[in-house]
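Structures follow.
Heads up, the next two complexes both have subunit A, just with different partners, subunit B and then subunit C.
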Partner chain A sequence: MEDLLNAIILFSNFVLVPATAYGAQLALGALGVTLVFGILRFSNFAHGDTMAFGTMVVILVTWWFQSMGISIHPLPTALLALPFGILATIGLLLATDRLVYKFYRKQKSPPVVFVMASVGVMFVMNGIVRFIIGPNDQVFADGERFIMKARDFKASTGMAEGLTIKVSQALTLGIAIIVVIALFWFLQRTRTGKSMRAFSDNEDLALLSGISPERVVMITWIIAAALATIAGTLYGLDKSFKPFTYFQLLLPIFAAAIVGGIGNPLGAIAGGFVVAFSEVTITYAYKKFLRYLLPENLEPNSLVQLLSTDYKFAVSFVILVLVLLIRPTGIFKGKVL
Partner chain B sequence: MRKLLLATAASTLIATSAFSAAHEINIGIILGYTGPIESLVADMGPASEFAFAEVNASGLLLGGRMINVIIGDSTCIDSAAATAVAEKQITADNVVAIVGADCSGVTGAIVSNVAVPNGVVMVSPSATSPGLSTIDDNGLFFRTAPSDARQGAVMADVLMDKGITEVAVTYTNNDYGKGLADAFEASFKALGGTITISAAHEDGKADYSAEVGALASAGGELLAVFGYADQGGKGIIQAALDTGAFETFLMGDGMKSESLIEAIGPDLNGSIGTQPGSDSDGTAMLIEMLAGVVGNPTGPFVAESYDAAALIALAIQAGGSADRASIAANIMNVANAPGEIILPGELAKALQILADGGEVNYEGASGVELIGPGEAAGSYQEYEIIDGAFVTQRYR
Partner chain C sequence: MTIHRNVLLFAGMFGLLAIVGFGQSWSVALTIFNLCLISAIMALGVNIQWGYAGLFNIGIMGFAALGGVAAVLVSKPPVTEAWGAGALGIGLAMISLGVTIAATIYARRKLTGRRRNLISFAIIIAGFFITRAIFDPAVSAIEAIEPAKTGYLGGLGLPIIVSWLVGGVFAAGAAWLVGKIALGLRSDYLAIATLGISEIIIAVLKNEDWLTRGVKNVAGLKRPVAREIELQNTDWFISMADTLGTNVISFSSIFVKLSYSLLFATVLLAILWLSEKALKSPWGRMMRAIRDNRDAAEAMGKDVTRRHLQVFILGSAVVGIAGAMLTTLDGQFTPGTYNPLRYTFLIWVMVIVGGSGNNWGAVLGGFLIWFVWIEAEPAGAWLMNAITSGMSEGNALRDHLIKSAPHMRLMVMGMILLLVLRFSPRGLIPER
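And now, the complex of A and B:
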């Protein structure tokens, strides 16, 4: 019985908790990508760097708050700075839309032109972020780090295995749930949300019924900016901020959006967790876990690791390819890419 | 008449040049004055020249012969260019020995292609690749820098002395990390230790929880981290502490940095590590001597560069001849016991002892002791982190 409990705790500590937090971060990122795809009909490659930009503003404001002694202990100060980051990112995305994408919309350019334009935007944002905050690691998490520490858990329960839950992990999950509920309420219940869904379903019909396309586009960018900044900040709080890693996040985020069914918000969330859990469970070494569960004579000698952790990103690729081959619409029916 | 004058002039010229050739000993220095480590060489090169200048100033080398230094550029990365430079020094300048080269790749190229065919001794101050230990050198290649393999052995000893026999290993995914991890694994296993897992990690990622998950599952009394303090090494340690996977760490020389202690905090207390360094008086003495001569006397491989040059000069004196074969035969004799211990700045004393038929044991600035195939035994500082500071335990 104790062995079984230990196995569960071990699994939670190294797989369940980190993968859930990572999944929530991916889901928020994928929601932004899927929303832009649903309304504007192109894959926004600049999303990862939009996240980096938003997070950068949050970090700068956080430092400013810290220098003035403002804090919301035990929560990280970054939460207080989040609205400023969102506002700045909204400004950036609306400016980008006006300067870049609006031109191509007027031209009625095919989606691939938009995608290429977004790659250009990605490089520009990349440069802006590196120019302002530099390419290095930035640590901006403050406040309490842990809800539960492995050492304390072991001491209080007497178990052989410890369980760690970080404040950032709990925050990630909590904020992600709130954001998702708010987003769905907005899309389902409000007039603007309904007009966005109508626009996504059938552009011409929506135009005929008097929906202003520019307004829908603007609101899409605003929501995308908010989602990107929140996802980026949560990721940065949980791990660390480095412009290059945000660029790398693009792959799992796209994998998540496509696995779930791109254009479908529900799919983005499911996809985020599918990708996160496959990355973590496939690269986890189950040796110790199985030791607790199996009788002594069956205990494994090897690590029981399906793939070395070097191949973490490859998992996203494989999932992406498999989904595109077998079920191009994704888990929940999204648009066929 | 004019012809006669010309001939006389010419013969005088030849005679003087022959005379100077008889009295000056040409020695080459081949280091990467351009290329990836040019900033290090800016201090290493002058340190070697400084040793030769010290010898010349004493006027004791083979009864007053002078060393003439010929400088060449190894480029650090271009083997063809480095080989050409060595070829020119050996055939045209007739050097009797070479200080260099610096980077392991070009060093290997010069040894096999030029030095061995011509029977010229090379003493490298900075090539640390374990591969050079087994290079086919006819006893002509020496180095005052330890092989990375040595650090692995030192760390295995550190653990064994503490009674730790089961560890997990993670290394940064490049030649340095892999080489060190392999060396450590071999030594540790030879001493009866168990490596539960040896896994690479990539630098520059935000999240190392998956890597730590695998390491934790394999288990072990502590985690050996062969990475960089401001890169993946830090991320791994942070994640391992956060999840409670490991509490103490063994760290390679890339990990010793104040920034690490700053980033991780008190949880790092109790972790141990190694770092090249020696407690010999020589290091401090050389730093003092070189102040004002080179930009950064404490820089990497500066002490080794001085020692490499000094060894060559002493080997010439010990053999009583600036003959290539004689130098090769005497390097080990002057570097190791028995004999009078020689520190930097005491080259004149050493030359005198050797001239009188005595023996010297050159310790120099880096505590030179050549082992096996003629490479530095390597002196390492073993430290433990106590109350947020690196505290030296001992030198090995």
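And now, the complex of A and C:
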């Protein structure tokens, strides 16, 4: 009985808790991609670097606050800096839209041209981020680090295994839930949100009923900027900030958006968790876990790791491929073609 | 008129290289020129996909890296001990993998309903564990053999030029796989799928030490041309340097670079000639018809998805060839150095700037952008020094600006891409 409990605690500590936090981060990222896709109808390859840009601004403001001694201990100072990051990113995205995408919208260019332009934008944003903050790792988390430490957990329960919950993980989940509720309330209840959904469903009909496309596009970029900055900051708090990692997040984020059904916000959330849980469960080494569950003579000698962690991108890719092969519209019937 | 313009553009390009030759040194100029030739071939490959058919591939890095693997696997001598220790296991694991895939496909074809998913899932799980059980011991056996020197299977010991073809075949195989999955769906899906496969290829090359030694790199590849040191001890070469009145050592390095140039230029001209032939043939007209109006072409009975697959494979094969040539020129295979900005997006800038749909444009773009990319680094550092010359020594901002100058290159390349796409989408040498 105690072995079983230990196994469950071990599994929660290394799989459930980290994967839930990671899933929430991916879900926020995928929501941004899916919204831009729904309204502007192209896959925004610059989203990863938008996240990097927003996080960079948050980090810079955090450092400034720290130097002035402003803090909201036990919470990380980055939360206080978050609104500034969001504002800066909104400015950046609106400027890119005006300078880059608007022209192609007027021209009614095919989606692939938008995609290509977004690749150019990605390049420029990547350059800006590396130019300002450099290509290296930056740690900016401060305040209390743990809600529950493994040692305290062991002491209070008397179990052999400990459970750690980081502040960043709890924050990620809490903020993600608030953001998602706010977003859905906005899309379902407000006039602007309804006009956005109408525009996404049928552009011509929306135009006929007097919805201003430029306004819808503007609001989409604003929401995308907020989502990207929040997702990027939470990811950075939980792990660390490195521009190249944010570029690489693009693949799991796209996989999440497509698995859920691209263009469908609910799907993006589900997709985020599907990708995160697959990635973590497949790259976790089950040796210790199985040792608790199996009788002694069956204990494994190897790590019992399905795939090494270096292949976590392969997991997103395989999920992507399976969806494209079996159900290109995704779980929640997003757009296809 | 346009012909004159194009000749002028190419003359200008060679003029730039000549300036480097006279200004810096001919050795530097030839180094740039050789990489220009390889870049031009890569750009041709991408142009076949984008210019002929409108396929957006952002996994060029992966296909180029597959070419690099080919250079290792073809030219390195086999490590006999490692073959004895683990080749059988690796072979069996590959067979087991193949059987698993075949069984899954068979099950999915034959069964229906809920049983179909359950049974194919069971086959995949069982196949995975059986394969791993054979594969893992074989890998550790191979990697245990002199890990500091070899620790991998080695190659076939053939001349490295053969690898250029093999690299093309490897890339074509990967392209077939990706194309089968992603073509025929939304155009963005191909982009996402190629991005994914390229990241995975690099991850595999970095981690599968038994195949490529991973991040331990494979150095000292064979060369298709003579080594400098051999030339310096050859009589005819010394006498030739004498008659030209140059230093033997510097002449040998230039001679080697020129031999590479000759090889690369031959490949470039061959591929260029074939591409031009293909573009002007009925096949080329059909491809452009599909690109410009897919529905109309489909209504005329063209199998669009198949044609796309074909052109995607061809273009990737060309990129693979260029990737193998690049590794040959480097003389070593270093999986850690592949990064998407240098190997994917730079090539895209070449194609867009040169003129998508025009092979000559792609070649010019390859030359010009590589030249700019190389010369932008000293230029950027110089510019930053000039801008910050007014600031005092040790100023934090000054240090930061000078240190960050290399990252300007990314921004400049992105800007060039966006500006050309916006104001001159047809590029320097537009499609006729």
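As a working rule, the second predicted complex is superposed on the first by the 336 of 337 C-alpha atoms of A that agree within 3 Å, B and C clash if a C-alpha of one lies under 4 Å from a C-alpha of the other, contacts with A are read in each partner's own complex, and residues count from 1 in each chain.
By definition in this document, contacts are C-beta pairs under 8 Å (C-beta built on N, C-alpha and C of every residue); 3 or more make two chains touch, one makes a residue touch a chain.
The structure displayed is predicted, hence computed values, not measured ones.
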For A:81, select first, second, both or neither according to whether it touches subunit B, subunit C, the two together, or no partner. neither
Determine, under the contact definition given at the top, whether A:274 touches first (subunit B), second (subunit C), both, or neither. neither
Touch check for A:235: first (subunit B), second (subunit C), both, or neither? first
Which superposed partner A:141 touches (first subunit B, second subunit C, both, neither): neither
Touch check for A:113: first (subunit B), second (subunit C), both, or neither? second
Touch test for A:310: subunit B only (first), subunit C only (second), both, or neither? both
Looking at the overlay, what does A:167 touch: subunit B (first), subunit C (second), both, or neither? neither
First (subunit B), second (subunit C), both or neither: which does A:149 touch? first
Touched partner set for A:13, first subunit B, second subunit C, both or neither: first
Give me the intersection of subunit A's contacts with subunit B and its contacts with subunit C, in residue numbers. 248, 308, 310
Listed in rising order, the residues of subunit C that touch subunit A in the complex are 54, 56, 58, 128, 136, 181-182, 185-189, 191-193, 195-197, 199-200, 203-204, 206-207, 340-341, 345, 348, 352, 403-404, 407-415, 417-418, 421-422
Of all residues in subunit A, which touch subunit C in the complex? 42-43, 45, 100, 103, 110-113, 115-117, 119-128, 130-132, 134-135, 247-248, 250-251, 254-255, 258, 302, 306, 308, 310-311, 313-314, 316-317, 320-321, 324-325, 328, 336-337
Subunit B contact footprint on subunit A (complex, rising order): 13-15, 18, 22, 137, 139, 145-146, 149-151, 153-154, 162, 164, 166, 235-236, 239-242, 244-245, 248, 279-280, 283-289, 303, 305, 308-310, 312
Note which residues of subunit B are touching subunit A in the complex, please. 173, 197, 199-202, 204-207, 209-214, 216-219, 230, 235, 242-245, 263
